[in-house]
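Two complexes follow with chain A in common, the first pairing it with chain B and the second with chain C.
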Partner chain A sequence: MDGILFHVSSKLLILLLSISYFTQEISCLYEDQAGKVDWKISFIGKVKYADFGNNKLLVATEENVIAALNTKTGDLLWRQVMENEAEQQIQFFNVNKDVTTVSGDQTVVSYWSINNKELIHVIPIEGSHIEITSFYLETGEIKGIPKKINTPWLKDAFKCASSKQYFACVQKNGEIEQIRYINLIAENSEVLSKPIEFSETGEAEILSFEHEIPSVLLVKNNVAKIVHFKNDVEILAKTFLPNVVNVKNDVGNQLYQLEINVNNPEKLLKVKGQDKDGNNQVSVDVEYPKGLGAPYILAGQCRTNNCDLLLSSIDHALLFVRIPEGKILWTREEALSDIVAVEFFELPVSELDASIENEFKTSSQDILSMFINRILTQSKQLTKVFIGSQLMMNSMLVRDDFGLHKIIVVVTRIGKIFAIDTLSGQTVWSYRLPHVVPFDNRNGGDVMLFVQRTARYSPFPAQCTLLAKDDTTGNTVMFQFDPITGLSSRGVVKLDRKVKQAMLLPYEDKNHLKPFITIYEDHSVKVHPEESTVIVKKHVSSIYLYMVDEDAINGYSLQLIDDRLQTFRHWNFLFRGSKLAGISTRPSGERVHSQGRVLPDRSVYYKYVNPNMIAVATISEDPVNKQVLSIYLIDGITGMVIYALAHKRARGPVNLVHSENWLVYTFFNERYRRRELAALELYEGHVQSNSTFFSSYAMSQLPQVQAQSYILPAVPLKVTVTLTERGITNKCLLVALNTGAVVEIPWALIQPRFADIPCGPEESCYPYMPEIPLHPEATINYNQTLSKVKGISVAPARLESTSHILVHGLDMFYTRVAPSKTFDVLKEDFDYKLIILVLIGLIAASYVSKTLASRKAIKQAWK
Partner chain B sequence: MYLNSIVIFLVYLCSSNVFSESSIEEEGSGRYTIEGRVFPLSDYQIQTNWQANTRIHINGGEFLGFVKRDGSFAVHNLPSGSYIVEALNPEYSFEPVRVEINQKGKFRARKVNHIQTSLVVSVPYPLRLKALGKTRYFQQREQWRVTDFLFNPMILMMVVPLIIIMILPKMLNDPETKKEMEQMQSLTKFELPEMSDMVTNFLSGGAGPGTSAQQSKQKQKIKKRQ
Partner chain C sequence: MVSIYENLTFLAVVVQLFLFQYVRSSLLDHDGALTIKIEHSLNFNKGIPILTERGNISVQSTRIGQTLVNQKHLTPTESQLLNDLAESNQFYQIRAFVNEEGNERNKFISTLKACMIAESELDDRLSISLDYTGRVVAISDIIASKSSCEGASMSLEKLKYFTSTVYVRHTEMGPVPDTASYIQRLEREKEAKEKGEGKDNRSFLAKYWMYIVPVVIIMVISSGSNAENTGASN
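Let's look at the complex of A and B:
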C-alpha cells in the first residue's frame, strides 16, 4: 500500500514538475535588478611593464592585458584584453603621448589612445631576423625602407637587451666575458665589444634599464652594475641591487631600490633613493603588509617634493607607495586573476541561534536550569527585536534564513587563499602559502580542496583542507584551516612524500569531521586525521577510487592487509594512443529528486541514476577522419563501459558535463565547421530494478540511451550545470562563451526527445530545434563582459530555487540564478501596500454597506 | 543537376582549405589580412566610445582585431583558411560573417549558416558589419496601467457588488419594477442578528432567538405598564 502511495505521489510530483516546465522558462533579469545580487571585480594579472603618463598608471601584464589605473585609488580606468598569452606575449611597452605595444611571434605594433582604450594604429611586421623598421607613430606610415642587420655573432639571444637605439648582449669567450653592443640607427652600424670587469663570480646576465642615457643593467650573483652607452660604453663602478629602478625628477635621475629593514620589525621594508654615484639621499621605511610576498619595484614617478613608486610582490599584488611619507596608498590583489579551486561555505549560526540549538541538545539538565535557560534566550531574542539590526551589523558573518549569504574560499595558482563575502565581494581574509604551487598531474584538478566539516555543527569550527605541491621539494603540502576565519591551528604541514591521489570520505567521526585518505606511489594509504582509521577500516569494502594516468584510467579498491590499508588495482581503461580530452563525474552532493519521466500514456520511464559513473572523452588521430572523438561512460566501481560512442572528424576542446542521468558535451564538428552540443540520457526502462539503493554490481541489463545533438552557435569556454539543495528545481546549463557572456540554457531545451512519442506543449516537451537559441536575455551577466573565463563554480543555497554562481577568469563575477524562477519566496516586487490597501478597503466597504443596509431596512419598515 | 554540382564543388573547396591550413603554416608564407569596417546604429543612438569597446573575434577569439576611430579594422597575419568574423560589443549585436581566404590570397565573404553549411549567400568584401540593434539583456518590467488595476480580481470583487448595490436600484426608477423589487425585498427580508444580542443570548443560558424575542416583548410590556 505504501509503495503504491509513493508511486502515485511521485507520479504526481513529476507531473507537477513537468507542468512547471512551461510556466517557468528561463529566469530573466529586469533592468532594475542589475547589480542587486551580483558583483564583478576586474583584474589584470601579473604586471610585466608599468609606466606613468597623463596622470594615469599604464600597465601591460602577463595575461596579455594593457590597462590604465587610477593613481589615487588603484581603480581600473580601462582594460584592453589582447590575444592569447601563450601565443602572443607583449614584448615591448612604451608610454609616450600614447601607448605603444609590440606583441607576438608574427609581430604586430599597436598604438593605443591613453585616454580610452581606442586603437589608433596597428602595423604588422614580418620577418624573423633583426630588422629595423621605422615608422611614424602618429600616422602609422612606414618611413624609408627596412634595414636588415646581420647577426652571425648572436648565439644566445636570451642574454640580450635593448635600450633605445642600442642592442647589447653578453658573450663568453672562454674565460673572458664581454659585452657586445650595436648602435642600430647609426649609418655604419657595427658591432663593438667591451670586456666586463666584475669582481663577483657566476654567470653574467643582462637586464633592460630605463634611463635617459641608453643603458642596461649587468647582473652577476645578485649584484647589479649600470652600463651607459654614450659615445663609448661605460660601466659604472657603484653596485646596486638587481631591483634598482631609475626615476627622473626635477633635479636629475634618482635610483631607487628596496632593501629589507632588519632593525625595525614594524616597518619591514626600506626604500633607498640615491644618485648614480651612490650618494645616499633618501631612505624611507615602509610599513609593508605582512601577508604579502617579497616586493620589487616596477615603476616610479617623481614630482617636486614627492615620489610615487609602484611595487609588485612575488604573489602578484600591486602596491602604490608614496615617498617620502612611506605610505601605501592602495593595493590590488592580482593573484585572484588565476583561481584554481573554489568552494562555497555556509556561515555559522549567530550566538543567539546557537544557544537555542544547545537548549535542545542538552536534555539531561534538570527542569529549573532548563527553565532559566529558556527565559534567558527568550529575553535575548526580545532585546534583539528591539535593538534589531545593530547587533547584526557587529557580527556580519552570520547565517541568514535562506543560505544566500556565504563565504567563497578560492585558492589561486600562486598559492594564496582568499575568502570572499558573497554579498559584497569583499575579501574577508587572505593567507599566503609560500612556495606552494598546483599539482602537475590530472587527478582531481590543480589543487585539492576538501570540506571536512561545515559550520553547521555549532561548537566545532568548520574545517577545510588544501593539498598542493611544494615548489622546492616537489612533495605534497597540507594546509588545514577554518574557512570562516582563516585560522589554522597547524599551519602548512609538509608531508614527506608525494601524494598520488586523495579522496574525501562521506563518513563522519564523532566530531562530525569527515576524514580523507591520501594514496602514495607505493599504494599505501593514510587516513587524516589518524584517529579515523577505525572508521575507514570499518567501511573498507565500500571504498573505491580512480586515478588518471598518462595512458590509462585505473580503478582501485581499498583492502586491509596485515591491518594496513592498501590500494589494489581493480580495473583499468587504456587510452591506446588517444588523448584524454575531458573527464566528468556527477557534482558531489547532487540529489536526484524525481525517479523517472512520465510519458504521455501516463507510464513512468525510470532514470538510470548511477552515482559511480565517470564520463570520459578521448580524441584519437585517424588517417581517414582526421580526428575521432570518443565518449565513454564507465562505471567507477566495476570498470565496465556502460556506453560508448564516437564522432568522426571532431575536434576539441571538449567540455563534458555529467549530472543526474545525463551527459552533455560540446565539440567542434570539422565536417560542417561548427560547434555542436550533444546530450545523452540514460534510462532503466519501464521497470525500476531497485528503488531504494543503487549497486554497480547488481546490474541486470544495460541502460537504454537516448541521444540528440544540436548546433551551438557560439564558442563555449566552460560548461557547468546548476545545483540546488534538493534537486527539485529544473536544471540549467551554464555556458561561458568566448564573447564574454555566460548563458543559461534550460535542460528541457536539450533533453533528448523520444523518437516515437509526439512532442508538444501537452507533453511538456519543446519541439526539436537544430540550433540552440541563445537569447541575450538568458545572459546571466548581462552587459558585463567576462574575459578569459577559466571556470564556473556552482553551489546550492538553502532556498531550493536558487544556486550560487561564481565565474572566474580575468574577471570574477558572482550572481545567483533561479532556473525555475524563485517559486519558494515572494517576488521582490510583491505589492504589500496594495494588498493591505485592498484589505482595509474591503473591511471598510463591508462596514459601510452594512450600516447602509440596516438604514435601508429601517426605512422599509417605516413605510 | 546543375545546382548539385555547384554544392559538391564548394564542399570540396572548403575541405581542401581545411586540409591545407597546416601545411601553409609550416611554410610560414602567405599571411593575409582581413579588413572591414564596423557601422554602429544611427548617429544619435551610439555611445561616445563605441570603437574602443568593440572587438573583432576571428574563429571565436583565435585571432583578434580592434576597431579604430573611423570604425575600420584589420586583422593581420592570418594563414589561408576559413574564418568566422564577429564584431563584439556589449551594447550592440552584430551578425557574424564567414570569410574564406584561398591559397592564392583571394577573399570571399558569405553569411554564416550553421544549418545549411553549403548554402552561399555572398556579402561584399572588405566587410561591412552593421549593428543589428541594441542588445536587450533585460526583460521589460510591467508598467502600471489603469486598466490593469481595474481588471485586477480584487478590485473587480469590490467594484462589481458596489455597482449592483448602489447604482442598479437608482437606475431602476420605473415605479412598477420598484414595486416588484419591494415585493421581492419583503420576501427575502431577513434580519442580521446583532453581535451584542448574540453574545447576551449566549451568556444568558443559550436560549433560542425566539425566547429572547419574547423576553424583549415582555420587557416592553412592563415598560408600558410603568
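Let's look at the complex of A and C:
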C-alpha cells in the first residue's frame, strides 16, 4: 500500500489518510474466497444475427454485444460490449475469416478478430445516400474512390434488403407490385425491376436471406418465396415459411424451416429440411421445452450428415438443436439480461421443523388427545431424522439457520419469471407469461411485485403477486404464484381495466395473507382478495397513497362512500414545468435501530425518521442556468414540503437513495464537469417531539437539515444502500460504476458533519474530504466486470451483519456483503480442532492434577 | 354583497421574516407578489367537498416573505359543521387558488384532521413552498402539535376566528463540495508538522502511566505475598 506513488503531494496525503481510515472499514476478499459465496452469470441479450465460424458460434445482439459461444456447451467464449445501443445498433453482421459489423446511424464498420475480442479496424462512414466505398478489411485502407448511386426511387427504406452485391426493394406502382434491384459493384450499375407474381393477397415484404447465390425472401401473407439474383432475377416457384434458413452441406444447399407438430404432443416442434425444389425432404421431431415461446431459426451449419441449428424463441431463449437426432444440446435464457423486478424470498422450514411447530399448535385441551398427538408427531420426527425426507433432500430448498439460502424471483421485460437459488445461481423454475409487458406509467416502476405472504407461515404456501400490462389490450394482468415452487392456482388473470396504482397493505388476514388494493382511473378501489375488504374498511382512515402524473404528484386517502371504497385527493404538488428525474421512498422493511446520534458532549441528537417521506428530484430547463436540479422532501400524508433545495447547472441522470433519516443523490455538475454526490440528514434536535409514535399530522417543528456534498470521481449508474434485519449494522452505499465495478462506500464517510462539533477518531468521525476515495479493495465484485448495470437489489439475511446483493444488467451477480464485518459468525478459518484439543487437554490436566494433589495430600498426612 | 364585505374582519397582518436556518434570501433571483384565495370545505356530499370561501392571503414579496392575511370568521352554523367534522374524526380540506404575476392560476389542495384544527382553536399554519425561481409548488395547512387526535369536540365559541400564520418557504441552494477549506486544513497540518508542533509535550508519567501502573501493582502484590510467605515460615 505504501508503494503507491503520486505526483501531487496533496493527493498523496488524501490517499494516505483515506487508506488509514478505510483499512478499518472495508473487508476485501482473499483470492481463495472468490466465488465462494458469489456467482456471476453473463448474458448477451436478444440475438439479432448469428453465424458459425472457426468452430464457434458468433452472435450480434440487440444489446449491442458481439460474442462467441462454444457450440458444444453454449458457454461464452468472449463478449464485446459496445456502448449506446440506441444509436449505434448493429445493422450488419458477417462472419468470414473474421467478424465484420456495421452499426449505427452514423455508420461505423468494425472488423473484429474471431479468436479473441480484439478490434482490428474501425472505419467511419459518412453520408446519407447510397454510396459505395470499398475497403481492404485486413488493413482498413480505402480501395479506389467512393461511388455514388442515385436513388430517387427509394421511398420506403424499410422494404429493402441487401444480399452480397445486390440491393433490392419492393415497390408498389398502383396495383402492380414489383421488385427493384441493383448490382452495386457492377461497372455501370442500373436499377432493374421485375413484377412479383404471387397468388397470395396482402402487401409483399422483403427479408434478407443467406445463400451462395445473392438472394432475398419475398414474404406475402406468411408465405415466402426465394428470389435469386444471377444474371437475371429468378423467383423460385416453391413456397416456404418466412423462417426458412439456408444451410450449406456437402451435397448442396438444404433449406430448413420450423413447423408445429400437430400429431405428436410429446414433441411439439418439427424441423423440416428440403432443397429448393422441395426434394430430399427430411423431417425431425424435436422435444421442445414447454416453457419456452415460439421459436425461429437464426443460423445453421452442416457437416456430413449432422446439422446444427441455432433457434431463438420469442422470449429471447437461445437453443442449439442437432439434427437428425433432434436433440437440444443447450439452452441459454437471454431474457435474464433485462430484469425489471427482483424480490428475495425466505425458504420454507424443513418438514421436521414444521412438524415440531405443528406439535404445539393443536387447539385441543383434552389430555389424552394431546398425548396421542405428541406421541404421533414425535415418532414421525424420529423416523424422519433417521430415514430423512426424500422430497426435501432432493430439492434442498430448506431454510437455513442464518437465512443465507434464499430464492430470488426476478421478472424480466419480456414477461418471463425466473426463480434463482442464491447458493448456486441456478434457475429453480421459470414461467413465461405470454403478451405481458411492463407498464409505461410513472407509478411504482415497470411492474409491481407484491409479497403477500412469506414462507414463514407453514402450512400456508408463500404467495406473491405480479401486476403488469397486457400487450394486446393495454389492460392490467395479474399473476399470483408461489415463489418457492412457481405454482399458480389461477394462472394469468386478465383484469378488465387499467390499474392506475396499486399498493400492498401491511395488514394480515387470518391466513397471514396481506391484501393489496388496486386503484383505477375512475378513483374506484378494489381489494385483492375480495374477502379482505372488511380488513381494509376497518383501517380505511390510515391508508394513504400517492400517484405521479404528468405535471403533478397527487396524494390520496381512502374513504368509504355508501360502503364503497374510493380515493379522496388529499394534497398536490405541482412540477411547474419541471421534469421528474427520480422519486424514492424508504425501503418498506427497513428498521431504524438507534433513535439518535450521540454527540461528543454525551447529549443525543434525535433523528427525524419520517416513514411517510417521499424524496422527489426534478429537473427544470432554465435560460440562465441551463438545467436546475431540485430536490424536494415531501410528507406523503399531508403533502407538506419538508425541505427543498436546488442545484444550478446540474444535469441528470439522478440517483436517489433514501434510508433512515437521510437522503443521498448523485448528479452531474455542468459547471465543473464532474459527478457529485450530496448527502442530507434530518434531525429533530435535542428534544424528541414524540418518542412513542410518529404522526405526519403532528408537526411541532421542522427538522434540522445537515447537508454535505462530495466529488464522485466515477460515473455512477445505480446507487443503493445495504439493508439488514434489525438495522444495527452500519449502512453502506453500493454504487455501480460504468467501469463495471460495484463499490461499497461506508455511510460514515459521507454522513454530513456538524459544523460546530470537532470531528476525529475520538468522536468516531471521519474528517471531511471533498473527494470520495474509491478504492479497488472496496469493489464487491473484485475483478468480475459487470456490464450495463440496470439495478441493484438488496435484501437482509437473518444474520444481522449480512445483506444479500443482486446486481443485474447484462451480467447477473450475486454476493453477500457485511458492512460492519461478520461480527455475529465465527470466521471461516476458525480453528475448531485447536479449541477442542485445548479443552480436552485442560480437562485431562485437571483430572491428573486432582489425583496428583490427592496423592500428595496423603503423603503429607503420613509425614 | 356589501354586508359580506363589512363582515370581513381584518384579522391579522402578519409580517414575517423567514425563520429558516441558512436562508440567504438573495438566492431568489426573482421577486414577485402572490395573491392566494383560500376556500375550505366544512361538509362533504358523498365524498365531494363543498367549498366555501375562507379568505385571502397576499404575499407582497416572495423574497422576504411579507404577507397580508385577510380571513372571514366562521358563522355559528359553520362552527357547528367544523365541530361535527372534528367529532366524527373527518378531514378538513382547504383549496388555495394562487394568482402569480403572469396571470397563472394554480390550484393547491391540503387536507388535515378536523379535530386537530378544532383542538388548536383555528390556529393553523400555512406553508407556501416555492421552487428556486419563486413559483409556488405546494401549499400545506398544518397544525403545530406534538400528537395527533382521533376525534374531539370543542365549544363553538372557540371555533370562530382563524389565527393563521403564513410561512413562505424558499428552496435553498444545494451544498457544494468544500475543497478550499480542505486544502487549507491540509496546509495547516503540514505547517504544524514542519514546525514540530505536533510533538507530544506531555510528561513521561502522563504518557506511559498505563504501562507503569500494572508493573507497580504486580510488584506490590508479589512483595505482599513474599512477606506473607516469610511470615508463615516463621
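Methods note: the second predicted complex is superposed on the first by the 778 of 863 C-alpha atoms of A that agree within 3 Å, B and C clash if a C-alpha of one lies under 4 Å from a C-alpha of the other, contacts with A are read in each partner's own complex, and residues count from 1 in each chain.
In this section, a contact is a pair of C-beta atoms (placed from the backbone, for glycine too) under 8 Å apart; a residue touches a chain by one contact, two chains touch by 3 or more.
The structure displayed is predicted, hence computed values, not measured ones.
Once the two complexes are laid over each other on the shared chain, residue contacts for A:438 go to neither chain B nor chain C. Legend: residue contacts after superposition of the two complexes on their common chain; A:711 is shown touching both chain B and chain C. Applying the stated contact rule after C-alpha superposition, one finds that A:771 touches each of chain B and chain C. Once the two complexes are overlaid on the shared chain, A:515 sits clear of chain B and of chain C alike. Applying the stated contact rule after C-alpha superposition, one finds that A:578 touches chain C and leaves chain B untouched.
Once chain A of one complex is fitted onto chain A of the other, the partner contacts of A:670 are limited to chain B, with no touch recorded for chain C.
Of the two partner chains, chain B is the only one that A:841 touches; chain C does not reach it. Shared interface residues of chain A, touching chain B in one complex and chain C in the other, are 711, 770-771. Interface residues of chain C facing chain A in the complex, by the touch rule stated above, are 21, 29, 46-47, 89, 91, 93, 106-113, 116, 127, 129, 131-133, 135-138, 140, 142-148, 169-179, 182-183, 185-186, 190.
Those residues of chain A that touch chain C in the complex are listed here as 10, 13-14, 541, 557, 559, 561-562, 566, 568-576, 578, 620, 622, 624, 628-632, 634, 638-641, 643-648, 650, 676, 678, 689-690, 695, 697-701, 704-705, 707-711, 767-771.
Only residues 28-34, 78, 80, 82-84, 104, 106, 108, 110, 113, 116-122, 124, 126, 670, 672-674, 711, 713-715, 738-740, 770-771, 776-777, 779, 782-785, 829, 838, 841-842, 845, 849-850, 852-854, 857, 860 of chain A touch chain B when the two sit together in their complex.
Contact residues of chain B toward chain A in the complex are 14, 18, 31, 33, 49, 51-53, 57, 60-64, 66-69, 74, 76-77, 82, 86, 88, 90-91, 93, 114-115, 117, 135-139, 141, 154-155, 157-158, 162, 165, 182, 185-186, 189, 191-192.
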